[in-house]
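Next come two complexes, and both contain chain A; in the first it sits with chain B, in the second with chain C.
Now for the complex of A and B:
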């Protein structure tokens, strides 16, 4: 199944994909709990297909345990994929050996949720930001590297005289700026952001989101923006992908998915997001959330969401719904058409 | 009479270098029975230290001064034993990470029954029955079997429910929740908020809900106190605070967060600068260095908390209208 081909048929002509993910799976083998128990398989990412167009921002949302972070790491080959295909700028990433992958590493970078944990405490800020340059652009003379580090620091809002300080001397927001500077120093085309603002203070969050958007425009970046915070995804992403237990349940443009979420899980997730407006919040209060995300070791048969779904019928436990085109997006739900018709009826 | 009345509370910490850090400066507030008081603030706002100070749970180098009367009885200066009695029986506290409060080595049942045996003098069988009822009350299914389980066998959301069930065993008059849903998914958060609201209605428990998340505040709080740099910046009922805020910091918080229910375009409004460094607070208003309405006196003189409407107070020198941030965005 080629998700990208289907998508281009369903929607308006799109820019060529920079990243193309086809039926990607990442399974972990975990030791059993008892002495005679067998190894168990955790299907963290289980047959995921999507494309990211050049200069696009794709948001990925879902609850913890849905496979967001594993997927992020698999995209950059930081964890090995079990099966499937991964193409970056037309090149088959999974077929490359470590040596031929190296030049591509420069083009694909990542920033993490906990900026302080992601920075080496024994290195100065200058060393941290210069490290990927040293590793991936060894031909650059030292002075040139230093100049680039200083320019990068200035661009993300750090002072050049902080170049010899250590990461722990910075606040969370500043540490995330260091993380962004480190990722962008090698001038990547693709930036994967794994919960980049989740651990930041409210007043710092918007600073960092603005910075990411400015840098994206200046440097023609393609962003994969992973977050459980729907509000920042709604602000920054052009398309949104919803994951549930390692599978894609819905992909659609930002405007379509927030105006009319098709999958029952998307609806539940969106309805649960607290709204900073007491009148609206109190209206939403009754939106029920059922149950918790099941163990990924033992996902329900058929549709993994059926155990929490208010619309589940017999078919949902018997047959796994495939991701298919509907209403300009893609959704994996047997009853999507019926639910879509319901949603169109004004309340 | 309010269940808790705090007057001129300050919390200070002695530093290794011999100095002091003021985490909370001269705060007064009260909590009524059955209400949810929301406390909003960021790192360094003093939002947690205020309540650790009230509960007598400060770190060793910390000291609370002023007055905190619980049901008419002064808490500050109370002996360790007397405080323990009160905390167990009539005041409860729930933290961000339930694992900091649950003992990983003991079954949940053992930890829960202990509360009842100690504070309500029950025997073990009766205590167990009560614990099963408490777990069912927080919508944990299969409660009898769960009692034998250890905390690590529960999911994060379930652990927080166990924590709430345990705290509610003694039907406290006051429940302090310090960012109880920050680590949880929005779906689980929604369930925990609904649960707290249910308990409040059922037992008329006063809830203090500390968070940095304005969405959560909008959803659960009746009244709100906005803190910054160890001081109260603004205080109002929840509808007034969101619709008619009068403090530049409140404006900044409300205007800078993207909303899940509205698509925003372009740049977000921001509050420039970083959260305050408590060791180097300015002489005047702690928010002054980041404030777009700053006047010369803001840097030297802390504004008093004065009323700007019925049951609505703010601490700010600025007399004109707000709205600068909106136009900046």
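Now for the complex of A and C:
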């Protein structure tokens, strides 16, 4: 743990981390499909370590099924962590019982991927946004609570006269605004955004991202922004973490990672992103997406990515690469240096 | 709630054609069945039969009998019973229905007050013995048919232990209602518990429950405020028909315990071609079904604001 702290300090000499994740694992026990089969363990998140500094925006990217959402939920203890450590502002989150965790919910909030499903269909917008206030700020008088709800609605771009409408009467973009208002009503410091725009139309997407960015600046928020859409991460994040099969393969500043992705997986991921530029599209052919993501029940030995990696050598199946500092960021690849040299020459 | 009142009124109006279809169909089907109320093993003298038929207007053309019957029903008069002489169908129903209520209401209350909480506990303690044990018992309760359960209960509790009467009925004595109510209620409780468990588990896994937890609500609030209401929806769809089934389905229980409920009149009436009695009970059951379906739909709307009454 100390080693990790030294490492992250070395790579990123910033303010002390608001959120510190150390060797976090979330495993699910899935019953076997037949009566003969034993329970299987799904390693959704496996040995993940990173830190998020106060007021920083950390983007987390990866393919579907790589553990992004599980990680987001585990950060707020919405799913139980199997092992590891989780510190928020110096407090050990995993050591808290449900009761002592509740006051911390005021400081850490989350917005979800499917905004409509995340809202109780039996509640009005006013009730949805007001409920966290009622639970976590019971000292506020009703009138004050109501005023805050209305102010919050206005801030996220909803009309105050919509306060008595039910959630299902809104579009996806509006529903996500409700979700944001709900999360921010208690004035948290940390906001985890679990693919907040991936279910929205492109035009709505940028509106919601811009809103998040404004709110972050206004309220000095620390954001963990999860997406599989690289463009929005590039837009909003200062640092980017790449997740593959529940493990961190690379962490680097946004500018560094987009200019010079170190891990072969990061390269593949970035190359696969559709770019409205025919030259770039042509380059894409050089690093095509190969194969399918392996089963998280039975991840490959050594480097989990080796089955799809064009640069895999024997060592990759024998030895799991650890996350190590390189060129201002961190990467988990045995051949990162060689590849970095190669990258300087146009492929 | 103006919309709700309008909706209820419209549904009640809509029930009129439904009832008309029920009455018409059962009237003509019953008449189409071979035999009649006065066909005995030993044929009646022709003159006696003619007199009887004249007295009950069975000599009139069928369409006229039908119209007369409709007219009588509109006045709430189900006519005289053909088999239980000198008693009207209204009187028979008036005698039998309280018996069915006396055993049906406790059975339904059991489903509500025992089945639902059991289902909730099972869902909250999923895959623990608090889940497995009640659900295993419920499965047994569903699997054992009433006609097995009831005689076993009679044998043990009445014949061997003499705790309760083995059968029969005495108005106002609740002891006679206990065994029939239990026989009727156990499968209901079991079903209710399983339905409730299933819907509760589903709701607890839904994204907005995760949101509620993220909001920092105490678990009690998450369950009572966010999970319970939606989880009650399948319960409502189950209980609407269950109420009617409990009343109509008590026929078996009535037979086993020898209770003077409507169900027995219904069966006897059908055997003896007691036209008016069978019609009367059919109309009553039809009304109950229509009514409780309406109640279920209204409850649905109250539990789920997405249901609009239009």
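Here is the rule we go by: the second predicted complex is superposed on the first by the 325 of 347 C-alpha atoms of A that agree within 3 Å, B and C clash if a C-alpha of one lies under 4 Å from a C-alpha of the other, contacts with A are read in each partner's own complex, and residues count from 1 in each chain.
The working rule: contacts are C-beta pairs under 8 Å (C-beta built on N, C-alpha and C of every residue); 3 or more make two chains touch, one makes a residue touch a chain.
The shown structure was predicted, so the numbers you read here are calculated from the model rather than taken from an experiment.
J.: Quick check on the superposition: with chain A as the shared anchor, is it clash or fit for chain B versus chain C?
T.: Aligned on chain A, chain B and chain C fit with no clash.
J.: Touching A:270, do we find chain B (first), chain C (second), both, or neither?
T.: It touches chain B, and chain C stays clear.
J.: Of the two partner chains, chain B (first) and chain C (second), which one does A:228 touch, if any: first, second, both, or neither?
T.: first
J.: More chain A residues touched by chain B or by chain C?
T.: So, of the two partners, B touches more residues of chain A.
J.: When the two structures are overlaid on chain A, which partner does A:76 contact: first (chain B), second (chain C), both, or neither?
T.: In the superposition, A:76 contacts chain C only.
J.: Rounded to the nearest 10 degrees, how wide is the angle at the Cα centre of chain A between the Cα centres of chain B and chain C?
T.: It works out to roughly 70 degrees.
J.: What's the minimum Cα gap, in whole angstrom, linking chain B and chain C in the superposed view?
T.: Between chain B and chain C, the shortest C-alpha distance works out to 10 Å.
J.: Can you pull the chain A residues that chain B and chain C both touch?
T.: none
J.: Which positions of chain C touch chain A when the two form their complex?
T.: For this pair, the touching residues of chain C are 206-208, 210-219, 221, 226, 229-230, 303-306.
J.: State the interface residues of chain A toward chain C in the complex, per the touch definition above.
T.: Listed in rising order, the residues of chain A that touch chain C are 73, 76, 78, 98, 102-103, 105-106, 109-110, 112, 114, 117-122, 131-132, 135-136, 166, 168, 179, 182-183, 186.
J.: If we count contacts the way the header does, which residues on chain B are in touch with chain A in the complex?
T.: The touching residues are 42-43, 155-158, 185-191, 193-194, 212-219, 238-239, 242, 252-254, 256-264, 267-272, 274-275, 290.
J.: Would you tell me which residues of chain A are touching chain B in their complex?
T.: 63-64, 171-174, 201-207, 209-210, 213, 228, 230-232, 234-235, 254-255, 258, 268-270, 272-282, 284-285, 287, 289, 292-293
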